[in-house]
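Next, two complexes with subunit A in common: one pairs it with subunit B, the other with subunit C.
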Partner chain A sequence: MSEIIEKRIGHYETLLREMWTASSKYLGTFSVNLLVERVVWEVSLEYKEIELLQYDQNGISCAKMAARLEENPDLPVEDMFMKFITRYVEILARLLGHERAEEIRKKLDEEFAGDLSASRGE
Partner chain B sequence: MERLITGIKNLDYILGGGIPAYSLNIVSGSPGSGKTIFVQHIIFNNARNGLKSLYLTTISESQLKMVRHLQDFEFFSDDLLGDRVIYGDLGEVLRKQGASRGLDYLTQMIKEHLPNIVVIDSVKVIRDLFPDEKTFRAFVFELAAVLSIWEITAFLVGEYEEQELTRLSEFAIADGIFHLYGQEEKRFQKRYMRILKMRGTSFQYGEHLFQIGPVGIEVYPRMRPEGEELRYDVKLGRKEFGICGLDEMLCGGLLEGTITLISGATGTGKTMFALKFLLEGAEKGEKGIFLSFEEPAVQLQNTARCLGWEIDRYLAEGQLEIKFISPIELDVDKHAFEILDMIREKKVERFVIDSISSFESSVTDIQKYRDYLWAIGQHLRKRHVTTIFTVLNEDLFSPLIVSRAQLSLITDNIIILRYVEDNSSIRKVLGILKARGSDHDKSLREYEIAPEGINILGRLDKADMLK
Partner chain C sequence: MHPNLLLNISVRYWQDFQDTLARAMNANVYIFDANGDPFSRFSLPAELCQEVNKGRELRNEKCIDFYRSACGSTEDKDMLTCPYGLKLCAYRLGSYAQKIGYLIVAPAGHTTLMEREEEIAFITKAHNVYRTINEVFNAILERNLLGLRRLELNSIYEISRLMTSIVELDRVLELITNSLIIIYQADLCFVGLREGDKIRVAQGKGVRGNLLIGKEWPLVHPLIERIFSKVEPSSLSIEELKVLPGFTGTDAAPGTEIMVYPLWTALGIVGLLGIAAPVSLGDNGSKNLQIYINFAAVALANATLIRRLEREAETDFLTGFLNRRVLRDVLATELQRAARYGYHLSVIFLDIDDFKVYNDTFGHLAGDVVLQKTAELIKNSIRTTDIACRYGGEEFIIVLPGTKGGDAAKVAERIRKSIEINPFPHRRITASLGVAQAKKNDSVDSLLARADQACYQAKERGKNYLYLDPS
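Now for the complex of A and B:
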């Protein structure tokens, strides 16, 4: 895998793992898995490639996604991932209340300053 | 917290605003207890507010039968069927493909329709399809997780008996449990609902009466004595009867917001004293309600007219309202709640129940009767409504007996009306036994109900008349 692709995907994989860990604290891994399944289904209506995301109760991996990106470098992964993360946090906010969701959002913001804010148009 | 408003009369009040959103609720009860109507009423109310429901039957009732039975209720609407209320058959999938496929089918239906509410009727049937308790428990756990992740508020309907509610695993997993049941009480076949559990919100415990009628379900919250010490502002104003001698005996009238018991034998004029109290209020622009279990409004109007009281004017102007409820039809659970509702809505300042002896005859046990009166009394005091309860003393000549149910404990003031014998004639005397927080005349005074009204006469001069 090229270093550029690894970097592009690695960035989001870390973000997703951080999100997974942070929300597991509140939802439990079983429900986090279901939530990822739901968001994958929703985002797949626009970006079919999101189905390449691998997940189970042990965590989340973007290995297949990276492989597809090797074949098709034009894949709009940035937009797709940001849609995924935004949607995930939106649902989380409704399930857990905005206070808890904000905590998770803050963690992600600290980790990757700017990405989430930009996706929300701030 | 986001909530699902049920829209059922008084249920959201009991639930502190509604059912917590995305919760899994079990609606349990015997066949015929009203479970299906209960959930259908909720989903149709929500459909009118734009929410979508998925109603999955198993084998308990076909869709055709259900729709046929529901179409006479006011909440039902053909227009919402198939668009906002979608029916599906989960039972067939479970029977043909096995219980393990049930969740996949459900998820597929959710993705297709994106409902806000899912109902499974009946979940008890599903439990029988699983080989053991452990696998069924795992199914319910997964079901609960799937539904909440999809932001769905769920109702699992089941024919459970009360003893099963503490034993079966689905009740441990459920966030909310509504148990519906019926029982025969005196003349009435009554339906009750208890909320046994509701995670994430406070709610009113105990049994709440409900009725199934043309509108669907109507709930009447349990009247409950307040657990905490009653705190309310004590008003120092007085409410007069407009009966000259009596108001003097009370040092200016009844203290505002207090409860007065007028106890007396039949024919002593309890009703007239109470009615005069409301008419005096009406004259001063204060709204009053006379709740009669003894005489219909027309009869009361006639009597008042004979005494020269302007009852018709006050009735027409809305200053006075007479509500007659036949004691045969009296249902304390329902009427106690309605009384308070009416008082709140109409901003009533003076209120009469004539007589609370009729309450007693309709309640199963005397403790429940006292609890009701205590609860009503507390609510009325909090609202500063000056109230009169009349009570029948069945012993015509017995001295100073108030009532057999120790009602004096719940009242602030007690006025006694009784007969005395005097030289082969019967006279009426009145005494104030108690006036909490106020001085009062301790003497016994003779009175008469004359064509021009009630006259308080002199002190009773023959002590031996009370023997």
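Now for the complex of A and C:
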């Protein structure tokens, strides 16, 4: 795998893992997996490749997606992940309340240098 | 659910398809969503529009207003003339049951379609474009709907498995509300459980759903009676629900419909479940949701029953205090905590004086009243963090975390006095109390033994007395 692709996917994989861990603390792994399944389905209506996201009781992995990206480097990964994250946080806010969801979003935003703010068009 | 979710397709890919079709048909095509907002861009440059808008995109407010108004009044298909003189064909997309959006087909070039033959040819072409696009949209809609139903069924399957294996009420409530919000994208979801003659909201999520938690609605309330008068769900507007406590502060959008499901099992009413009515549910979706609700009712009934049994197993029926069996666990935990964090812990042992004589003279029912009243006096004399327990017949234990022996003695004296002055039926009642402070390496048995011994000393000193263990 080329270094750039590896870096791009690695970046999002870390972000998704952090999101998964932070929200499972409040919701439990079953609800978080259901939430991921829901958002994957929604985003897959536009980007089929999101179905390559692997998730189970232990967390999220982007390994299959990275392999796909190797074959199709033109895939708009940023847009796809940002759509995923935006929808995920939207539903999370309904489940946890805006304050706690905002807490999670801010914490992740600090760690990932404004990625989530960008996803909301801020 | 987002209103356009079922039409959630990549606009970029759609635009490519639309542009190719427009070029092949030599007609300009653009699409508006169900609300009359632009969905795609013009497929081909329209000379007149270019003059007005200086580009391909539909940006002119006058045009937008015209299309929005035209779309709103188009029932099936219509022939329109835009504010800049372009003749257009407008079509409603979707079925009668499901409005997807609107299609506008315009000539590719600037023409007034004055010639009759030219007009007929254009209308035929526009109709063909409409049929193609409508077919594609319906196929997308069908595919998306199937995906949603598959997601629902998978979720219901997983949840039903989980719900039948979870017995903790809080977890069942969390699971139900979380799943419904996730699957149906509901803005609000709440569950109320029956407690005697009322419904008490046990869980609420979504838009200010937490404000509903703890609110109580009598079963005889006309609206609640209406909900339980049938087995099917009631569709209630937020305005109708505002007669119930908790809904006055809910800032859900006016007109929001809430589906309220009565939760029944063979044992009777379990409670109710409310969910902001999901869009595009359809017949199959409603059935899936009803299956889910049925599972939820059984899971809630089981969890409620188990919680009640657990509480009854831990609680003394007569006084409502913890029973002797639970006391040992509670005291062991408190001893560990006191040792770990280095705080004090004291125990009061209370024995009602000459209770056997009272019981034998006035009967067991009168004795029960004394026990209940004594428990009430104890409860009124201690903090909420203190733990009271009925130890045996007329014996009570009070555990006081974070309290030194001397302070515990003050509490014990307060209890003794309140019993002494209370007007019990038939005759005056008194109690003897022993107080012991936990020492390093104390066990449950050693601490209770010292408190018991202190109580014995109080009896020895003539009853209606308080004795503090000096060790």
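FYI, the second predicted complex is superposed on the first by the 122 of 122 C-alpha atoms of A that agree within 3 Å, B and C clash if a C-alpha of one lies under 4 Å from a C-alpha of the other, contacts with A are read in each partner's own complex, and residues count from 1 in each chain.
What we mean here is this: a residue touches a chain if its C-beta (ideal position, glycine included) is under 8 Å from a C-beta of that chain, and two chains touch if they have at least 3 such contacts.
Remember, predicted model here, so these are calculated numbers, not experimental data.
A.B. asks: For A:30 in the superposed arrangement: first (subunit B), second (subunit C), both or neither?
C.D. replies: A:30 sits against subunit B and subunit C alike.
A.B. asks: Who does A:46 touch here: subunit B (first), subunit C (second), both, or neither?
C.D. replies: second
A.B. asks: On the A-aligned overlay, A:38 touches which partner chain: subunit B = first, subunit C = second, or both, or neither?
C.D. replies: Both subunit B and subunit C are touched by A:38.
A.B. asks: May I ask you to decide whether A:84 touches subunit B, subunit C, both, or neither, giving the answer as first, second, both or neither?
C.D. replies: neither
A.B. asks: On the A-aligned overlay, A:20 touches which partner chain: subunit B = first, subunit C = second, or both, or neither?
C.D. replies: In the superposed model, A:20 contacts neither subunit B nor subunit C.
A.B. asks: Of the two partners subunit B and subunit C, indicate the one touching more residues belonging to subunit A.
C.D. replies: Comparing touch counts on subunit A for subunit B and subunit C gives C.
A.B. asks: Please indicate which partner A:12 is in contact with in the superposed arrangement: first for subunit B, second for subunit C, both, or neither.
C.D. replies: In the superposed model, A:12 contacts neither subunit B nor subunit C.
A.B. asks: Common interface residues of subunit A with subunit B and subunit C?
C.D. replies: In subunit A, residues 30-31, 34-35, 37-38, 41, 91, 94-95, 97 are touched by subunit B and also by subunit C.
A.B. asks: Quick check: in the complex, which residue numbers of subunit B touch subunit A?
C.D. replies: Counting only subunit B, the residues touching subunit A are 1-2, 21-22, 111, 142, 145-146, 148-151.
A.B. asks: Using the touch rule from the top, collect the residues of subunit A that touch subunit C in their complex.
C.D. replies: Against subunit C, subunit A makes touches at 27-28, 30-31, 34-35, 37-38, 41-42, 44-47, 91, 94-95, 97.
A.B. asks: Can you list the subunit C residues touching subunit A in their complex?
C.D. replies: 5, 8-10, 144, 147-148, 151, 154-155, 158, 162, 171, 174-175, 178-179, 181-183, 185-187, 205-207, 210
A.B. asks: So in the complex, which bits of subunit A are touching subunit B?
C.D. replies: The touching residues are 30-31, 34-35, 37-38, 41, 91, 94-95, 97.
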